[in-house]
Amino acid sequence: MSKKELLSKIGLRLDGRRAHELRRIRCKLGVFTEPDGSAYMEQGLTKVLAAVYGPHQVRGSKSKAHHDNCLINCQFSMAVFSTTDRKKRPRGDRKSTELSMHLQQALESVIKTELYPWSQIDVYVEVLHADGGIYPTCVNAATLALIDAGIPIKEYVCACTASLANNDVPMVDISHQEEVMGGPTLTIAALPMSGKIVLMEMSQRFHLDHLDKVMNKALQGCKDIRQILDAAVRLHVRDIGSATGWALTSYNE
Amino acid sequence: MPIDHKRINGPEDTLPYQLFTKLNRKSLEQKYKELVQDGKRHDSRAPLEHRKIFMKTGVVSQAKGSAYIEVEKTKVMVSVFDPREIPNRQDYSLKGEIYCEFKFAPFSCEKRRLHQLDAEEKQYSQIMKKALEATVCRHEFPNFQVDIYALVLHNDGSALSAAITAAGLALSHAGVPMYDLITSATLGIQKDTILIDPTTIEERICRTPFWKEKEDNEHGLVVLSMLHTHNQVAQFYQSGSISLDKLPHLIETLEKACADTIPVIQQCLVKHVIKTIKKSSNVIEV
Amino acid sequence: MGLSEAEKTYVLHGVEENLRVDGRDREEYRPMELETDVVSHAFGSARLRLANTDVLVAVKIEVDAPFPERPYEGKLEFFVDCSFSSMITWVLNKMKPQMASSPMNSHMASKKMLAKERTIKMISMDIGLPSSSANATPNFEGRGGEVLAAEISNCLSSAYCSSLSFDLTKLCILQGKKCWKLYVDILILECGGNLFDAISIAVKVALRNTQVPRVKCIDMDGNNVEISVCHDMFDCQRLNVENAPVMVTVCKIGDKCIVDPDVAEEQCSVGSVVVAVSGNRFSTVLQTGMGSLHPLTLVDCLKMGHKVGQKLDEAVKEVLKESLRGGDVGFIK
Amino acid sequence: MAEQYKSLHPVKYYRDYLSHNIRPDGRVFDTFRPVILNTGSIDTADGSALSKLGQTTVVCGIKAELCKPKAESPNKGFVVPNLDLPPLCSPKFRPGPPSDQAQVLSQLINDIIENSQCIDLTDLCIFPDKLAWCLYIDFICLDFDGSVVDACIIALVGALKTVKLPFVDYDAALDNIQVNLENTRPLPVHSIPVSTTFAIFDDKIILADPTVEEENLCTGIIVIVLKDDELCCVHKPGGSPLSSDELLGCIEKSKKKVPLMRDLLKTALQDVG
Amino acid sequence: MSQKFHIRLASQRVNTNIAENRRYPKIFTPGETITQQHEFMRGHGTYEDNGELKSSVAGVREQVNNLISVKPLKSRYNGEVGDIVVGRITEVQQKRWKVDTNARLDSILLLSSVNLPGGELRRRSVEDEHMMRQYLQEDDLISAEVQSVHSDGTLSLHTRSLRYGKLGQGVLLKVFPSLIKRSKTHFHNLPVGASVILGNNGFIWICPVINNSEDSVGGFVQNLEEVVPLQERETIGRIRNCIKALAMCKMMLYDTSILYAYEESLKYSIAELLVPEAMIDVAILTQHRLSIIEV
């Protein structure tokens, strides 16, 4: 049986999506009471929890604090039961340290750190269920958690993966099955409104002229994700705002 | 098992030869009967009789305080180091800290133990730390930490309570301020026979439930540490399956066993004090 | 997150009057919310939210060789990960277990309490200083959580070690050669006090709806063994969790004992006892916290723990009776 | 008063003593500290011994396990020595993985066992290429007061003499192992290594069997191991240089120690029988 | 001892948002352009990006003559001078205390901005410095007023009035600062028999009625012996649970809303108020009564 192509003749992928369709995204802000901001994000079957503490006084050694901007400390960890075969340790291996670094770079490019000298923001991300596109889901969840915590950010940072099917049709939002079977995957973290790319990572080799095709598809994916996140944030703000009676608008003495 | 690069490692899969001896096919019923035969245990002790205890202080010259305890075959060595700065701590803590480490020597048990601390040793370290934290006046040395290290040279049952008793002696030998002397005792129960200070064989029998369906198939091990004069329970740990109405009785028996070991410690400390006085007095005479 | 002297005294008097800060009496639990089959990769999973303590437990199964000295039994391993809630490590760091006054004052304070002691019970005076659920001195992220995690997983494994509480012989596939190994992975999402109880209930529920695949045939050639498992996903055995232990943390504040302490009450407790109740037996009793207890107080704690433990077990069983496929609620609703 | 002076100027304190060629603990330069040896006290180990050299105490336990010999040496068993310097024996050591000193000394003891051939690995073979003994020799230092290697070697020989290996019959066809605990055979020990440590003080004075203060203050350490008055191994990890005749002097002095050790062993093993 | 356990399944989880769909103002999310003109001044939650004024948080636009700012729903407390706050001492340092006020950085309480016992105004001597731990030590709670805001955002507090000082027996609650409605006074002696301090930084202190007659001299005296009577303890417990209910449903907290919630909650026992269904019920009834008096 020939290798199952990723894209059937009539343009359907293995899980029935079209090439340009994202997986179903469901998210909720404010899932925990303890942290300043928290969010839960589901992209297809990948489920991620994010919590933000801060900005607060630097704990641990005072020497780490910066005098002009804020120290951002990210911890990415995958739950031991998140993958089909059980992981020995939730974090500490090279892959999760690398992803923590990438997450930190993505967030540092967005958070207005100069507003919070001497202080520290902690971002905790926990992957409950891993089904491909782990890093993008974590970036989107962290963005929602930052917004929930009221930390000023220049704009949404969204991330998306894209790949090539039967080496000519670009596909967006790659699931685990497609990741394993398919060709090279391109992961992009971008600021959708200003179109700037914050982080780009490729799993295998791309042919040059395919590259920009796949990159545009990924950027388009980021823009679509931003729409969905934006709608969720507006809904969340509307619910809470109306509960508090919009007292925020005027100082009624 | 990840290879330990800092030690000389032998072949990976070595098996203890005891596994290949002919298993003595004794039925559980038989083993239970042999536990106590006409009032005597296999080492001819009464069920509620504690083994003879030998204790000695000042066995480690380099340590501030040290103690060695021999409960017939079980041999435990404890050394205490005087308070030092708590590592990587920033803010001021009103309470001194206690760092405890309980370790079986690799050759001390039937099955060879590894050099790194395994889960059981970590649990025993925590239980011992709990017992000693209730005994030491920690507010006397704020922001400092006392290190206590216990090493079991030969484990023939109730190693944990021997270690806790020896640690109490070592702490007083080191001059660390304490509320009271601490002693500890272990008790094994199987069906309705109660054994104070069980040996390894008796411990193994008490750990496994013999009769699944029978009603009173109680079994288990209980470790209790007491502050004698204040009549306080410093630490209590029970495993196995014991019913509520039996426990108070077990606690009383353990209380009595702890009280019996107090004179040994007092005698040991008196000897130590006399020795130091004699040493300092003859220095003055010369 | 420490407490001031005045707040501790207020809590202490509240427990004395049997009306706690949030209106509960001494033997009352905060509302709980239970959910099963949260993690789809796992063979069984459960999430429990006890007020603001949030715990997620997942059970995974692998084939393994039994221990040489116990060839008839399968294996059970607990793994606790509490790094997600930095509150834990931050709380541990801040929660310096100290009653500002020296112990002499704690004598005075408790003596004064005792002077009003109307009951005939022998004067039970407890020396000791208020405890904290864990007394590690961690740096910010690393060590704090690990010591608490080790304490919890040790307590769980000693509670499940007696085969009267959980029979491991059912997990044996081929005696001496192959057996099932159950990994129980516990993820602490939020720490709002009383972790032991929340975790033990979540573990029991997760084990209850764990599906162990049914082994169709085993063939041996030489000494390597092939096992084939039936394909139908739903044809599987369930584990017998009838006697699986439920833990109750009994905290002693002043002279009275309370159940289900929140973070503030945990800081005022002189000593606490974790009691694992399995059926009508104790499968593990562990005294935690900093202080020491009078033997009679210890027995009272055991009695209270036993009574409450059995009732809690009943309540959990009853709720699970009507647990239908609750639909994918998870964190969304 | 002496205590404060010693802690304030340790080196000067020592020099004053050495100028009257006597050491603070009353010994002359090349007298050894008293040695105590107790064998066979731990019955969970297959062979055990405790040696006390002055204050330095080392316990050695040997556990025998079954294993498959290496393909390239089918008729040889294994010997796995490890010296553990736990935080219990001295404030210098911290809990956690073994310190550098522990690793160096373990490797030294491993070399001594190999060079002295006190155990012949072929004696450990039960069935070529199928089954052999693996002896885990674990040294634990209980009190670190200088010249730990000497105490370890004494304990090693004492423990080896008490090892009792059960009889194992292995039938290759069924690949089944039958261990019979009743009849056990002792392990043949082919030679008795004796090790002596010297400390070189201010590049000229040589102190035999140094205590831990002397080891800390000295500028060089040399360990000489003799096997029935043949030189078996010399370990001199750097430090101040030594002329050849000084080295020969040390070897002569350590030769005097060999007969003492031999009859110490005899008496220790007599009561064990 | 009532032993009922409230265990319910997640599928019976109650939806905690009680937003009625009245008209709502325009919401801005991060990155969205607010205006192109240049004459506006940039306030909190906004930033300048090549000529355009963009929002950096999700919230509603607020304009005070030409200062535009966007207020997020939840954020750490950024203090303003004159705010009344409740704080917890984290560290005792040279001549000053560090106070945790749920703000970005720990606030500072100088030894000089506290009136000492005996009330007399005198220069701070060295032995005052040694006695600092006797006045206030780690984990003590204080009520104070924001005296000034430093350049890097740390607040400097003072307790130089009879109302402020060390807090005695009572209960502390932590909510999001944005839920506390700014009003003239934040010290309320509720008619139901307990008094509440609504700190602007989200720390709410509930304690027995403090009659101002008793001279709380700079507030360092606290009696640990006096037992709060059961009656007052029930009131405090009920107020605590009501505030928790309002906070869960994100309703504004001020004296009237707390009083209404207290009256609505009388039909439940104090412990029952912990059950989510009861909390929602109390919150909706309170919101209803509030909307009546507002219109």
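As written, the chains take the letters A, B, C, D and E, and residue 1 is the first residue of each chain.
Keep in mind that, in the parts below, contacts are C-beta pairs under 8 Å (C-beta built on N, C-alpha and C of every residue); 3 or more make two chains touch, one makes a residue touch a chain.
Since we're looking at a predicted model, the values are computed, not measured.
Enquirer: With centres defined as the mean of C-alpha atoms, identify the chain lying farthest from subunit E.
Expert: Farthest from subunit E by mean C-alpha position: D.
Enquirer: By Cα centroids, which chain is closest to the centre of the whole protein?
Expert: So the chain sitting closest to the middle is C.
Enquirer: Using mean C-alpha positions as chain centres, tell me how far subunit A is from subunit C in Å, no decimals.
Expert: Computed value for the inter-centroid distance: 34 Å.
Enquirer: For subunit B versus subunit D, what separation do you get between their C-alpha means, in angstrom?
Expert: Spacing between the chain centres: roughly 29 Å.
Enquirer: Counting in whole Å, what is the centre-to-centre distance of subunit A and subunit B, each centre being its mean C-alpha position?
Expert: 52
Enquirer: For subunit E, jot down the residues that touch at least 2 other chains.
Expert: Within subunit E, residues 138 contact more than one other chain.
Enquirer: In subunit A, which residues are in touch with two or more of the other chains?
Expert: 60
Enquirer: Where in subunit B do residues touch at least two different other chains?
Expert: 15, 91, 94, in rising order.
Enquirer: Can you name the residues of subunit A that touch subunit E in the complex?
Expert: 30, 36-37, 54-57, 112, 116-119, 147-156, 191, 193-194, 230, 233-234, 236-249, 251, 253
Enquirer: Which residues of subunit E touch subunit A once you look at their complex with the stated criterion?
Expert: Answer in residue numbers: 17-22, 24-25, 27, 29-31, 45, 47, 49, 54, 56-60, 62, 71-76, 100, 104-106, 152-153, 178-179, 181-184, 249-252, 287, 290, 294.
Enquirer: Can you list the residues on subunit C that touch subunit E in the complex?
Expert: Interface residues on the subunit C side: 2-7, 9-10, 13-14, 16-17, 19-35, 47, 51, 96, 100, 109, 112, 308, 311-312, 315-316, 319, 322-324, 326-327, 329-330, 333.
Enquirer: Can you list the subunit B residues touching subunit D in their complex?
Expert: 4, 6-11, 13-18, 20-22, 59-63, 73, 75, 77-79, 81, 99, 101, 103, 105-110, 112, 115, 147, 149-151, 153-156
Enquirer: Which of the residues in subunit E end up touching subunit C in this complex?
Expert: Spelled out, the residues of subunit E in touch with subunit C are 1-11, 13, 15, 88, 137-141, 167-172, 222, 224-225, 227-228, 230, 233-234, 237-238, 240-241, 269-271, 273-276.
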